[in-house]
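Each of the two complexes below includes chain A, the first together with chain B, the second together with chain C.
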Partner chain A sequence: MKDFKTEVAVIGCGIAGITAAKKIASEGADVTIFSKAYGATAMSTGVVDIANPTVVKLPLKPPEELISEKYAKKANHPYALIIRREKQLEGRTAQSEEDNYSQTISKAVTTFLENMKDVDYPMEGSLNHNMLLIDSIGSAKCTSLAPPSVARGDLTKINKGQIIFIGFKGHSDYDPRLCSQNFARTSKIVGLPDAVEGASGKLTDFPGFEGRNTLLSIEIARRLDREEGIATGVGRKIGDLAKGDGATHVCLPPCMGIDNVERNLKVIGEESGLIPFECANLTPPSILGFRMQLALEDSANKSGVVIRLPYEVKKIEIEENNLKRMAVVSGERSFHVDADRFVLATGSFIGGGIIEEEETVKEPILNLPLFDENDAQVNSVFIRRMLSSEAIPIKGHPVFSVGVKVNENMQPVSDKGEPLYSNMFACGNILSGFNHTSSGCRHGVAITTSYVAGEEAAKKQRKREE
Partner chain B sequence: MVKLCSAESAIIAKIAKNVIFSIPILIPLVDKADVNRGKMFAAAYAGYSELRKGDPVITLTKEEALKLEPRLNPDIQSAIYFREYFIDPFRLILMNAVDAKRHGAEIQTYTEVIDILRKDNSVTGVRVRDKFSGEIKDIKAKIVVNASGPWGSKVAKMAELEHPLRLNKGSHVIFDRRISDIGIIAKCIDGRTAYLFPHENTTILGTTAVDIFCDPDEVETTYDDLEYLMVAMEKAIPSIRQARIIRTMTGVRPMINQYGIIEENVTRNYEIIDFENKAGVSGFLSFGGGKLVLYRIMAEKMTDLICKKLGKNAECKTGTDPLIGAEKDVDVDRLATKFGIYPHVARKLAYLYGTKATDVLSLAEENPQYKMEICNCESILEAAIRYSIRNEWAKTLNDVRRRTRVAMGPCQGCSCIHKVAAVAADELNMSPEALMQDLGNLLQERWKGKKPLLLGQQLAQEEVLQSSYSHVPKIHQGLRTGEEES
Partner chain C sequence: MATTGKEATTQAASGLSFIKEKMKTLSLLENQPHEKDLLSQLGKCLNCGVCLPSCPTLEATSFEVFPGPRGIATTVSRVNPNFWDIRDLIYTCTECGSCQEICPEKVPVPKAASLLRGKIFRLRPDLIPPGHKEMLMNLSQHGTSLPPEDEELRSDLAESAMKDLALPYKKDVYKGSAQVVYFAGCISTHRAPEIRESGKLILDKLGVNFTLLKDTGCCGLPASLIGDMELADKLVKSVFDRVRQVGANTVIATCSGCANTLQAYLNRMGNNTGIRVKHLAEYLVEDVGSQKVSSLAKSKESKMKSKATENIAIHSACHLSRHLSRRIQDYVIQLAEALPGVQITTSNTRQKCCGAGGLLSIFKPDVSNKITIARLQEILEQEKKPEKIVAPCPTCVIQMNQGVSNSTPEIKVEDFAVLLARKIV
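And now, the complex of A and B:
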């Protein structure tokens, strides 16, 4: 590939990067994505938390309400920025706290759902409802948007039912017996009505998987997709195991296919006589995350957005306070890419958008100033000062809130609040203002901030005042 | 002392043959002073190589040394090459416990001695608390042996006796893989020696020597401890900082109380204090000092003393009889074929369990799913986890970890602990409540070692773990209930 030019360069091919690129394309600008590798999205839970409650207890408040009541109340949370921008554009006073409903957030969510539907990976959910899912060890996981295979396990929507937990022998990622036992405890904690019961958990040899003692999720998924009769066999066995139990639903591991999940589950449902659903994914590897990544890539292709992978952006040259030219490396080749505008969607530590260097945090491409949850600049603060003594603190370790600070237009700013470069934007987990591990808005921040970053980055001209 | 250590090292290599491994070590010699020191070392060592049944010490040229380990700093004159034995300390202790039980001993874990019972000038037993139930009870004994290591003084005080020890902290840094197949020695800023040793699937860099005065439970690895080691090893392996640190590890040496000399010069010999002689109080014997290689001879001498006091006459066989599992070498290929497992998994089982590997795998005879691999970093099967619970006193997830090495690899449990938990819950019949708390305990214990030096890729790994578990209730230390608003 020779040195070349694109109008807008997006760095990062996760949920934030692709969502931003699609928005840019939809606004009529030419855009290319550069990414060095898969990051957090491909190994994520594959569901979008827009605004989870701190305490998961029924009834769950909807994301809309929680954004208004909780998230937007924190001045530097990305949602608060989005709302302020909206108010400024509409000429409303930024101080009107009562009205925290955001059209922008709503449009971002709708657009995301449309994009996914467009590539045959529809997701259910909305700003009006928070789902209650069971994860693979039986604890409660709240989320807003999920594929139907997972959404069918939304406990708030199952008014009456009995859930049986069934897993594959040799598949260590999901132990249905632990899940079933923990479900009973979880039910009490969240206040699930008695009408929704958990039945037993069973491990079994499914036809085609007999005698296997190490079974990976990817194999289960691929074989369900590609081999004749596998889904039927699974469904029949489930039916046999559930006979006489009174079960209505069956909770399965989150690997019921990659390309044909709905078809597989339909067959399983018909053969077993139960409603099957996938539980939420706990730790990587995550087939759900992988599916989301693939769907996002299909979605990018559909908009004519090219994803250059693996292409690592090493640094960006500056000319008169504008970003101008990227030095990119792919394998043994290196070359330059010129662009008019740039979007940084490089993620947090997992994707390498933020790294540790010399015991402190650093943004590796432009060495941007980084800020913590309290808007303090942390570029020389030792990492260990940003770690809690608790292993899993409820609020998360402070180091995972570190990121690039942006203004309402998603432009990275200095500690004085001034945009560092006029033609640069950032979105997703690279942003500060929320904890990337514990905030309850994972992927929600991505799809909303990328929508705004995309809208802004698409503009060919920017007014001086901005 | 060297003679004793060499002799014992050969004995341990025989009686615990499965958990012993030998690695070659290089001492790069940078200048003339080094070269002279090297010559003296070689001479001293050479005398004992036959005793320890090891290879002789040889001198390598710079070129030969660099060929063996290309990452070595080329600014050297020559290098010394010799071999040393290493061991898995958790398994060694376990094997001794199993052997003790076979000979009629009773092992009670999670049973804390909270007081030592005295009647006038006799120690008559101990008062213990069960850490799970909280139940307190008294146990009578003719003789109480204080083998509590760095807690020796604290325990002696319970009997109103004084056994001063000099406590000294040693820290290690652990890397995610084998950096080299040979051990490398380097010089620290204060002239002490640092070493980089391959250890099973990881590499350890050690060690420091800092006198401490707190309770050994309170020790922390500090940033200074670790920088001290990295600065030293950088001199021998300039690229060491590119290696991924997965955690730190700290222990406390219970040294004999020698005052006024630096740690390096404190004797590593052991002491057995008979308080009948020292303070006129019978029934209380206490260990001090020593080093790992002397464990057996220390125990033998203590037992000789106990036998004398109890009027028992028996021959000591611990130097000749192999520990359970170490009776003979295991044919790894045969093990793999017989049980239908991968050769590297068989190798791991043979290392951890020796001949008992067949017992572990036999659990899978009735339940083939026990051959499922639970920990991918360390290649540990479900059967091993269940075996440790059934036969090796494993009562918590941390116990399982120490015995099987789950969660001790590069991911530090990120991918496997919920799977280990599922197996343990089934085997121990734990309530979900208790299990989640235990999971929290395991994560907390792992965190203790990760936190001091969480850098580079390990920080990214930690982000994955945090994102995975942040929503799980009760996993947070302090048992916060779902009711609390933050």
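And now, the complex of A and C:
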């Protein structure tokens, strides 16, 4: 098969890859996304954590404040790098703590929100406010940006009311009884005002799926989308179940549609007389994540960015200290693609940006050096040494902070801090310096680092510094 | 009477050796290395369920009828399958590959379904669906998946089909030696002659030195979908034997299934034969150039009296876009865009299977039809309605035509080769 060319190649079609590609396209460069498959975005919570507090307790500090207080203080955290870059660009020398407000992070968040709004998947939230959501087992989930169907369940905005939990028989991803029981405890621990109460959890048959032992989220979502009458039926049932309970809100499983969520919830709200919202997703499969993935893809298409999927980049050839051409496999065929600049947004263990091989970790395309949270190189360290002795440690297992180390311009660097390749950038979950499972900033890091990587990769080829 | 410990041990040992022997005769212990490899890839399933929205069968039925690709991967990889239990699961899979395309672990569900069909074929022939058996009879008797008709009748049908399209009819040409072999495949030879004839006309128009293969035969795909891997291999091998006989270095197919099966065979054999397999769209873009196709179409258009624009939707054929390579489906779109008088209303390369995949149309026609209707509705729900659906695969065309006659007669379905022939010949 014939080879072809693109100006900038972005590898990965998750939240980081697509955000980077959109930024590159907006700067006028020709960009193509190459992706092996879906990664962690499609199975993620579908909400964007920018900066979560270590302990979730009301009142929640806004992300802006937490970035400056918590994240920027860790010198190798991606946010700290972004702030440093900004200061360098502006010639600011003062490293005072009050000076940690970042224009770049704020621009990246605004751009992300605009992009999502452009494709009719608006997300609510900002850097000035952290939301408190209920997740599918009734525990508290802090996040910064969420679609309206979820954001309506932001407990910081519900000053008074009673929440009833309703789910569907056979749908094992959300048990309203469990959720309700746990929420009773959660609300005390996070310090919810007494005026906000959790009511009971109730199961009901989903219209058309009566008597089912197993019911998938996608089946519920599709049925609600296809026939408007279904939402009416569900709404009436919810109204009946809530009667006499004094409920004002209803917490539903996070699968109330794919394309028509708002329509479905509006109908359910009208029929039941309650304010319906979707709880936060906890485990895959995630309809919220799937919805976000589709919205991101729409948004790429809208700006003319082509997503080549499934095009698996196997290798990238190197010439001097430049990346040259990629060996790509698509189906039964293989070919080469030349590019001037490359953005690695391949994710971590789920996306396949980092794999475990022979008991250690590896970056499969270029075998890049990998680092842990403390900047120690780990390419030949046994995975078992990167595990904590606790099963679920509050700081996360160290192995989940392993990634590529980058400089302020998002260029992967060696252990000496030198850029490895002059025309390569990395962003998103493949970066080190934060723990993907516990830092509370995963998607936030993705949208901000990809914004910076995109800005840098959009610049024409820079000559190697002699 | 109580048995002594020694006796019990002897009894147990003889029982065990009996079971071992029995399993050997059922060849239950003999997973070939490639089978082991495939099953271990299946075991990589994370159980994440990202694949569930992509499955056409799950979408058209329910979890209870078909638990989706995750169901196949988890059931089959976790335990040694009981064929009786998994039979429906395995034959209801369209093997379309939509799941594998987005799976983070690239779990090869379609290949696993084929592997298990192969095992059922060898070990439990009583479980092979009746429709599959019928097709197998055609394949082993005539070397084609459909019963061949009398040659004179076939060419008459082909001639009249071309007349309906206002296209010339050219007799079949069989050369002793040629650079290019045009492999027409069974469906376009015996079921949709206009596709086979269109392919001939296009290559003729472009001045390609090509020949058809005597007794075209089958690429082997249907045999492998039934599970008769030996027959499948024999059929595909026979195609390449005949290609070598005419000394050709390129095989062109209009059928996505044929193109993929032939290429996959070459890849499996180490890809060192010097023979290239190309889908028509790929040949036109890479060897001829879409500009030439476009200019031929423009010169034909300039001679036409009426210059009405056709609105078409392009359906994505699984064997092309998910199995052979997504790039070739992109070529189909690229070529269609280059044709004058053609407006593409939608060309989603991720559109799901038409419903005919994996011989589902034979195993469960009702489910298959539901899938087809879902595809047609998807296309008709678009803001801009097309008058025609174009697919680069005869199987999709026949399947969707059936769906159209069942549900939405206002739309027509046409093969990509026919569209091209109408535009440039």
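One rule holds in what follows: the second predicted complex is superposed on the first by the 456 of 466 C-alpha atoms of A that agree within 3 Å, B and C clash if a C-alpha of one lies under 4 Å from a C-alpha of the other, contacts with A are read in each partner's own complex, and residues count from 1 in each chain.
We adopt the following convention: a residue touches a chain if its C-beta (ideal position, glycine included) is under 8 Å from a C-beta of that chain, and two chains touch if they have at least 3 such contacts.
Computed from a predicted structure; not experimentally measured.
After alignment on the shared chain A, the placement of chain B and chain C results in a clash.
Of the two partner chains, chain B is the only one that A:137 touches; chain C does not reach it.
Shared-chain residue A:119: touches no atom of chain B or chain C.
Of the two partner chains, chain B is the only one touched by A:395; chain C is not.
In the superposed model, A:284 makes contact with both chain B and chain C. Of the two partner chains placed by superposition, chain B and chain C are both touched by A:43. Judged by the touch definition given at the top, the superposed model places A:275 against neither chain B nor chain C. Among chain B and chain C, the chain that touches a larger number of residues in chain A is B. In the superposition on chain A, A:330 makes contact with chain C only, while chain B stays out of contact range.
Looking at the shared chain after the overlay, A:318 reaches neither chain B nor chain C.
In the superposed model, A:214 makes contact with both chain B and chain C. In the overlay built on chain A, none of the stretches 4-12, 58-66, 220-228 or 256-264 of chain B clash with chain C except 4-12. In the superposition on chain A, the residues of chain A contacting both chain B and chain C are 40, 43, 214, 284, 350, 352. On the chain C side of its complex with chain A, the touching residues are 46, 48-50, 52-53, 58-59, 62-64, 67-68, 101-104, 106, 260, 263-264, 267, 282, 286, 321-328, 350.
Only residues 40, 43-44, 52, 54-57, 135-142, 169-173, 175, 177-178, 181-182, 184-185, 189-190, 203, 211, 213-214, 282-284, 348-350, 352, 355-356, 359, 382-384, 387, 389-397, 399-400, 436-438, 440, 442 of chain A touch chain B when the two sit together in their complex.
Residues of chain B touching chain A in their complex: 223, 364, 368-374, 382, 414-416, 418-419, 421-423, 425-426, 431-433, 435-436, 440, 443-444, 446-447, 451-456, 459-460, 462-473, 475-478, 480, 482-486.
Those residues of chain A that touch chain C in the shared complex are 1-2, 36-40, 42-43, 209, 212, 214-216, 218-219, 222, 258, 284-285, 290, 308-311, 330-333, 335, 350-352.
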